[in-house]
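Shared between the two complexes below is chain A, which has chain B as its partner in the first and chain C in the second.
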Partner chain A sequence: MIKILAACGAGINSSHQIKSALEEEMKKRGYKVQADAVVIKDITKEMVEEYDIFAPISKPKFSFDITIPVVEAGPILYRIPAMSAPVFDEIESVIKKMNK
Partner chain B sequence: MPVMENLYQKDLILSSNATTQEEVFSEISQILLEKGIVKDSFKDAIVERELNYPTGLDLSPVAEGLPNVAIPHTETEHCDAKVVVFVKLTNPIVFHSMIAPDNELNVNYLFMIINNEKTNQTNVLSELMAFMTDVDNVKTLEALETNKEIYDFLTNKK
Partner chain C sequence: MQTIIEFANTIFSPLINLGAAPMMFILITLFALLMKVKFSRAVEGGLKLAIALTGIGAVIDILTGNFAPALKDFVKSTGIELSITDVGWAPLATITWGSAYTLFFLLILVIINIVMLLMNKTDTLDVDIFNFWHLSITGLLVMYYSNNLFLATILVTVLGVMKFINADAMKPTFNDLLDMPDSNPTTTTHLNFMLNPLIMLFDKIFQKLFPFIDKYDFDAAQLNEKIGFWGSKFAIGVYLGAFVGLLGQQPVQTIFTLAFIGGVALELFSVVGTWFIAAVEPLSQGITNFLSAKFQGRKFNIGIDWPFLAARPEMWAAANVIAPIMLVIALFLPGNGILPLGGIIAIGLTPALLVVTRGKIMRMIIIGTIMVPVFLWSGTAIAPFVTETAQSVGAFPAGLESGALITHSTLEGPVEKFIAIIVGRLGESFTLKNILIAVGSLTAYIGLFVWYLKEMKKRNAEYARQKEDVDAA
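Let's look at the complex of A and B:
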C-alpha cells in the first residue's frame, strides 16, 4: 500500500480532488494507493514522514525539509488529460522506484 | 451544471475597472459586505490569501489565445453565504498561477468562490474547471457584453 499526502491551501477542497483523482487513476494502473487530503498550513514534519509521496497543489515553502518524494499535483485540477497525465506518470514512476 | 446555476446571482455578476488586485478586492469586498455576503475581515483575508496561495489559472493549456481566469477564495470564517461572484475585469490584472505560483498571468475574469460551509464537500472547483476548460464556454463569455447576458449564459437561461 502506497500512502500519499495531498495538500492545498484550504477553502475549496482542491486537495480532496487531488486525493480522489490520484486514488482512482492509480487503482486503474494497478497500484494500491491510499491518499489523505490536508491543508498546507496544518502539515508537520512528523505528519509527512508517515507517507510515501507528498502531492501538494504546488511547491510549498516549509521551515523543514520534506524527506519523501514530492510530486506537484496542481495540473490534475484542470481535469483534462493533457494536464493530468504527466502528474499521474510521475506518481507512477515514483511508486515503481519504491518496489513496494 | 445544476450545482453552479444556483451559485450565481444576478446582482453578483459584476465588472470592474480596477488595475490591481488590491483595488479589485477592495471594490468587490465592499459590495459583498453591503449585501451581507461576507464579514468585515473578508477583504484583508482574501488579499493575504491570494499572496500566499495564488489562484490564477492559465487557460493556454486548454486552447491558445484564451483569456486567463482566477478563482480567489478564502477561509469559510470570513464568509456568510455560498455563492460564486463573477467579475469581468476591463483591465487585465496580474495574478500568480495556482499551480505554479512563480508564474504571472494576465487575468480577465474572476470567479470568486464565497463559501461559509466548512464541511461542504460539493465540488464548486470541479464544476468551475469543467466550465473553463471548455473552449466554447470561454469564447462565448468573451463575446458577451452586458452583465445580464453573462448571467443568462452562466445559468443556462439564454
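Let's look at the complex of A and C:
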C-alpha cells in the first residue's frame, strides 16, 4: 500500500480532487494507493514522514525539509486528461522505484 | 401568456414545494445529464448536494442552538452588541447552491466565458465551476432587495467580465510568486481577488510614505511552524467558545460545552463542505469537457480555485496574525454585529494581499488589518439576507427564536456585496437619489479597477523585461 499526502490551501476543494483523482487513476493502473487530503498550513515534519509520496497543489515552502518524493499535482485540477497524465506518470514512476 | 405561466407553474410548483434539498437533487442531476455526464455520476452529484444541504442545516442547528443563548448573555453582561453568529463560508456556499437561480447564473457565466474567449477578450478558461456561487450570492442579494432578476443578471455579468480580465492580469504575478514556468496555465478567477484594487491603493500609499516597513519582514514559514496546531480550526473554535462563555458569565459546564461545540462546528463545516464540492464535481467535469472540446487547439490559461497560492507561507502567517486583531476590532468597531468565529482565519482576504504586495508580510498584515472593517460591515449588512435565505432553503433551525442571525465574517467580495445592496435598492425604487448613488458607486468601483489594471500592466511589462534580460544573458 502506497500512502500519498495531498495538500492544498483550504483542505476542502483542490486537495480532495487530487486525492480522488490519484486514487482512481492509480487503481486503474494496478497500484494499491491510499491518499489523504490536508491543509498545507497543518503539515508537520512528523506528518509528512508517515507517507510515501507528497502531492501538493504547488511547491510549498516549509521551515523543514521534505524527505519523501514530491510530485506537484496541480495540473490534475485542470480536468483535462492530456494535462493530468504527466502527473499520474510521475507518481507511477516514483511508485515503481519504491518496489513496494 | 397566462396559459404559459400556468403551465410552467403546474410543472415547477411541485418541484419547488418539495423543498431545497430534493429540488436541487433533481436539478443538479438533470443539469449534469444535460452536460453528458454519465447517469450514475450525475445521480451521485445530485445526492451529495442534497446530503450536504441537509448536513449543513444540522451543523448550523448545533452551533446556533448552543451559541445564540450564550451570545445573548454575552451582549447583556458586556454591553457589546455582537449577536450575529459567524458560520464561515461553507453554510453560505451551500445555501447559495440550494437556490435554483445559481444554475441560471452559472449558465450566464459559462456563456460570458465562451463569448470572451471567442472575441479574444480573455485567455482564461474557467473550470472552477464551484466558485461561481460567489457571483450567484451577489446576484441573489440584488434580488433580495428588488426581486429584479434583470438587474441581478446585469451586475453578475459586469462582475463576471471584470473577473476574467483580472485573471489574465494576475497571471505573470502567479508565475513569479510560485516559480511557475510560462508553460504552466494556472490562474484563477476567484472573487477574492476583486479586492486587489482597494489593497493596491493602500499598497501605493505605503510605498510612498512608509517604505521602511519592509525591513521588518520576517520568515513566515517559521512563524507558522511555531503556531502549529494552536491555529487549527478546532482549536480556534475552542477558544472562541470559551471566550463567549466566559464573557457571557456562563456556568463552568456551559463554558466547556460551548468550547467543544465551537470546535466541532468548525471541523464539521469543512467536512460537509467537501461533500458539497464533490457534488458539483461531475457537473464541473461535464462543463470542462464541453468547453475544452469547443476550443480545441487554442492555448489558454486555466482558472482553478485559489488554493494553489497557499504554497506561500506568508498567506498563512498573515491570516494567523490578523485573526486575533480581527477579534479585537470586532469588539470595538461601530456598526459591526458579528463576533468572528467560522470566518476568523481570513482566507477570503490574505490571497489578495499576497498577490498585490507579492509576499511583503508586514504590508500584508497592516493593509489586511485596514481591510477587516470592510469585511465586518459587509458581513453585518448581509446577515438578514443570509438568514432569510437559509430559512427558505431549510438550512436553518426552525425552533430558533426570531432575531437570531447568521453570516460569514470574511466573505469574499465585501465591496461587491455593498454594490449589490445599492443596485438592489435601486431596483426596489427608481428614485433619483437611488440612481445617483448607484451610478456614483459603480463609477468609483470600476474606475478604481481600471487604475489597478493599468498598474498591473506596468508590473507585467516589468516581468516581460526581466525575462528578456535573462534570455539575453
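Note that the second predicted complex is superposed on the first by the 98 of 100 C-alpha atoms of A that agree within 3 Å, B and C clash if a C-alpha of one lies under 4 Å from a C-alpha of the other, contacts with A are read in each partner's own complex, and residues count from 1 in each chain.
Everything below uses one rule, namely that a contact is a pair of C-beta atoms (placed from the backbone, for glycine too) under 8 Å apart; a residue touches a chain by one contact, two chains touch by 3 or more.
Just so we're clear, the structure is a prediction, and the values are computed from it rather than from any experiment.
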item	value
Three-chain arrangement built on chain A, chain B and chain C clash or fit	clash
First, second, both or neither for A:Phe64, with chain B first and chain C second	second
Chain A: partner with more touched residues, chain B or chain C	C
Touching partner for A:Ile12 - first (chain B), second (chain C), both, neither	both
Partner chain(s) touched by A:Tyr78 [first = chain B, second = chain C, both, neither]	both
From 42-50, 78-86, 96-104 or 204-212, the chain C stretch with C-alpha clashes against chain B	96-104
Common interface positions of chain A, toward chain B and toward chain C	8-14, 16-17, 40, 57-59, 74, 77-80, 83
Residues of chain B defined as touching chain A within the complex	49, 52-53, 57, 61-62, 71, 73-76, 97-101, 113, 115, 120-121, 123-126, 129-130, 133
Of chain C, residues touching chain A in the complex	90, 127, 130, 178-180, 184-186, 219, 221-222, 224-225, 228-229, 231-232, 270, 273-274, 277-278, 281, 284-285, 288-289, 292, 302, 304-313, 315-316, 347, 351
Complex interface listing, chain A residues touching chain C	8-17, 20, 37, 39-42, 44, 56-64, 74, 77-80, 83
Complex contact set, residues of chain A against chain B	8-14, 16-17, 40, 57-59, 72, 74-75, 77-80, 82-83
